[in-house]
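The same subunit A turns up in both complexes below, where it pairs with subunit B and then with subunit C.
Presenting the complex of A and B:
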């Protein structure tokens, strides 16, 4: 009974919209007209053959391959530094967490300024090394910059989860390991990392899920270009549903996006569980 | 206890549904008609409409106008669409472009303004019969009353042109290329035009690059009429050829740059009147005739510069079909009252710097002294009749995206010839218009 407020909330704000969206995905609704027709699987077929949907699919995995290692390893390093601090752990944790609170639009505008042709950074690169880099004009660099921005934003948040994990490792585990001769790098690799499994699990799943919902950064910085290199699922859904008013089609892409996200998270979950089981986590 | 929590949950559900299902109230018991006016989401425009509504309510009994800025989530168009879908659209709103109005009218979400009694009188009183002609939709109706019309112009750094030996701004494509050649000889690190959006697929960016040049070349060809692509092939290819040559001669900087024109990094820029308040604040040295000149877009060789047209960055008012007839009429009466007095247009002009969409802006005495004080706005006022509003097609977004991805961007990147790009673009657009 105590769970009923949450259940009611979920029913109204998650289940009903989900069912409604699934229904709309089979219609040609244009978002504003009261009239629409049932079109069967036409939207899904169209999405399957769409170049921009295909791009969104692959771009997400490209972001995932860049972002997840950077964010997870970076967050772990930050957490290790914070835990090793003799004082002011809380202060530093909060300081690294602050980018998480920053507006995506504001940080994208700042990055745009830093990477602009006549920014001090680019002028210095040109005058010192003769390097004239078109940061957002190159497909690889544009994607990497967005992945780095996301990592900067979320690393502090993920680091907090790792700090909590590090703090919860019992001291006697380290003592037992020391008596068995595990010190330094060995201690870190064979004791700390496996003991951080719950944090790794949470952070990785959060990071993977995040990659399927990127919108603000490419919307502000690149518009999905160059050559669809930063075109994400959310950009495609927004453009179809709100710019072209193909809400039924946009919803079908959102449904596909949900299925792909769910399947990808399941795969990552399985990989993590296999790794956890090796170290005694069931 | 369990029962109480159960009752609480049921009540919560009922309240949520009740809130969602309640119908919008159109008036009060004393016969007052209440209308919701959504202004553009910027303080000057909101202040103007708030002031107008206040004055109108002082003069007129039985009307209550609530002026609020429209939501931007993440764009004002998306905010309006969400409101229509949620059944919470306003009675009337400004900030409606012709392309967006085409989408809305296609779904019968807005009503034809020409069906209101007094519409012709309004056009006459505001002296806008010529300006509104290009706003007529393919079905013969007028769904938007244009408030302002920015005839988009090009600004040229006249001080740098003088240094290069030119006394006047270039008016034709070959003159532009000649200026470019001299510029590179004297200043290899400067560019003719710095615009990052040139290689971005963003659909609305095409208004300020492709359509400015194309409208000049085609003498204002409509591009699309109804569901037919009627683009002028010769003008289209000439437009792409200009971009092709500018790119090949390293005259375009397609990277993000901060204030390139103001710092002299580039010598030409597409410019609307909103730039001037920014210059007053940050670049007070930017003076008309000393640092820069304003001009219509260049035309291809063989076309008279006198015939040049340009893109009109123009938006207006629309009345929503979801409002009651009573509310719609009250909204129209308010608009008619606002535009029956040129002083209101002058107040708008002063507050926003956006030229009112009137045929007589450069001749009407009401505006003379303001234009004398702000000579940079004169060229905009003069060219209002030469400005072509956006395409009125529900597929405007797709069409303009295809202009970018299939024609302009590949030509600038040197991936396609202008002829090939134009052909590909036409095929793709015809596919969308089918």
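Presenting the complex of A and C:
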């Protein structure tokens, strides 16, 4: 009886739309007109040859290559700082977590301001180094900026996962390592890092998964540009289905997106597992 | 040796403090930008004087442009987020409790389905969900923003795990005393899960508060928009008014920050469970 809210919800808002989506993906419906046709795999063929879908596919891996290392290493550094502090651990972990509270819209507005042509930062760059950089106009920089924004937002959260991992390392492991002469960097590489492997695994998979669902930051800041350099899956689906009203085609892109996401995460899990097993970590 | 470690600790605090400044810098920039005179916004980091002109523009409109319904949007955000979060919390409490403690037929199956659903990419449901909402006549109403976000799988998962750890004896005793399951849930189980509830509430609230895509899709008329959506839409045409945009950003960020700081005492305890 208590489970009924879940059952009703899943039926209306999960199972039914799931079936509908599967059907829609094979139609040419335009979201408005009452009639539409079953077009078979035509949508999928069209998506395969579409420039913007291909852009979304590669942009995601570009974001991944930028965001995951920055976020994971950054979070690890934050966690090491927090756990090394003798006091005020709570204060600093809360402070590092604050960016997680930011709405992507608000942070996009701030980043846009900081990078605007006459901002103190750009004036300083021009006057000191003679650098005149069009930050959001450059494909590589625009993507990097969005990756950094995401890293800023999620680092503190991931750091908490690492802190929990660090705290769960039993003291006697360090004690035993010290007996064997592992101190300083040696201790870090041969004790801390292997013992942190489970947290490392979780954080990496979370970070990878996140990259397949980016919408707010590029929508507000770059609109997917320049030259589709920040055009994500979500943006592509949104534009096809709700701006160009190709509901059927949009759904088929969503299906492709799901498959790509699923497969990519599986591959990353496998890589991490094989890599962990090779080093004898669990 | 002692002096050396003292220096080390000082350096460590210095480092921690610097990192903290970097992490909160965008917030500081936003607040200062919202209080700057309009000719200094994005021109100086620290303004020479402070003014509330941007906030006045936001709430009362300016002479050159019509004020947008920011206050209404703020109210919409609060209403939608609160309603949706409370529904998610209550439903997760009920479902989590029933899955963990009331062993009924099919509960293991439901557990597995929930896990599957959690990892299922939600994006595939976006378009059909929109169609369902439209079909039921909920388009452009609060219902469209609340009902499809009334149940949260992650919250159910968290509560189920937490309730599994609660001792059965206590619940049995209450049952023998004649308490109904409903009463047990509210009078015994809920008070025992305070810290976990706070954390789940915070995360649900945060996530709901910053939702953009869905709220943008299902609502059209200006006085129904949430603050997040209104800000995202106004940012283009009113980009030439950065001051008010910062003021609106502050308005968008402040409630969540305040909420978080109020509950930050429970933060550490609760997080320890959530992160496990």
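Keep in mind that, in the parts below, the second predicted complex is superposed on the first by the 258 of 282 C-alpha atoms of A that agree within 3 Å, B and C clash if a C-alpha of one lies under 4 Å from a C-alpha of the other, contacts with A are read in each partner's own complex, and residues count from 1 in each chain.
Rule of thumb we're sticking to: a residue touches a chain if its C-beta (ideal position, glycine included) is under 8 Å from a C-beta of that chain, and two chains touch if they have at least 3 such contacts.
Keep in mind that this is a model prediction, so the values were computed, not measured.
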Message = Applying the document's definition of touch, where does A:48 land relative to subunit B and subunit C: first, second, both, or neither?
response = neither
Note = Per residue count on subunit A, the busier partner among subunit B and subunit C is C
Task = Have a look at where A:21 lands relative to subunit B and subunit C in the superposition and call it first, second, both or neither.
result = second
Ask   = Is A:188 contacted by the first partner subunit B, the second partner subunit C, both or neither?
value = neither
Key: subunit B versus subunit C as contact partner of A:242, first or second or both or neither   = both
Inquiry  = For A:226 in the superposed arrangement: first (subunit B), second (subunit C), both or neither?
reply    = first
Key: First, second, both or neither for A:116, with subunit B first and subunit C second   = both
Task = Answer with first, second, both or neither: which of subunit B and subunit C does A:38 touch in the superposed model?
result = neither
Query = Does the superposition put A:12 against subunit B (first), subunit C (second), both, or neither?
reply = both
Request  = Kindly classify A:124 by the partners it touches after superposition: subunit B alone (first), subunit C alone (second), both, or neither?
outcome  = neither
Query = Which subunit A residues are contacted by subunit C in one complex and by subunit B in the other?
reply = 1-2, 5, 12, 112-113, 116, 118-119, 219, 238, 242, 247
Note = subunit A contacts subunit B in the complex at 1-2, 4-5, 8, 12, 30-33, 112-113, 115-119, 134, 136-137, 219, 222-226, 238-239, 242-245, 247
Key: Of all residues in subunit C, those that touch subunit A in their complex   = 9, 12-13, 15-16, 19-20, 23-24, 26-27, 29-30, 33, 41-45, 91, 94-95, 97-99, 102, 104, 107, 110, 113-114, 117, 120-121, 123-132, 147-148, 150-151, 156, 181, 185, 206, 209-210, 212-213, 217, 228, 231-232, 235, 239, 242, 245-246, 249, 252-253, 256-257, 260, 264, 267-268, 271-272, 275-276
Query = How about subunit A: which of its residues touch subunit C in the complex?
reply = 1-3, 5-7, 9-10, 12-14, 16-18, 20-21, 24, 78, 81-82, 84-86, 90, 92-96, 98-114, 116, 118-120, 152, 155-156, 160-161, 164, 212-213, 215-216, 219-220, 233-234, 237-238, 241-242, 247, 250-251, 254-255, 257-258, 261-262
Task = Under the touch definition given earlier, write down the residues of subunit B that touch subunit A in their complex.
result = 2, 5-6, 9, 12-13, 16, 74-75, 77-78, 81, 84-85, 103-104, 106-109, 194, 196, 199-203, 253-258, 260, 263, 265, 394-395, 397-398, 409
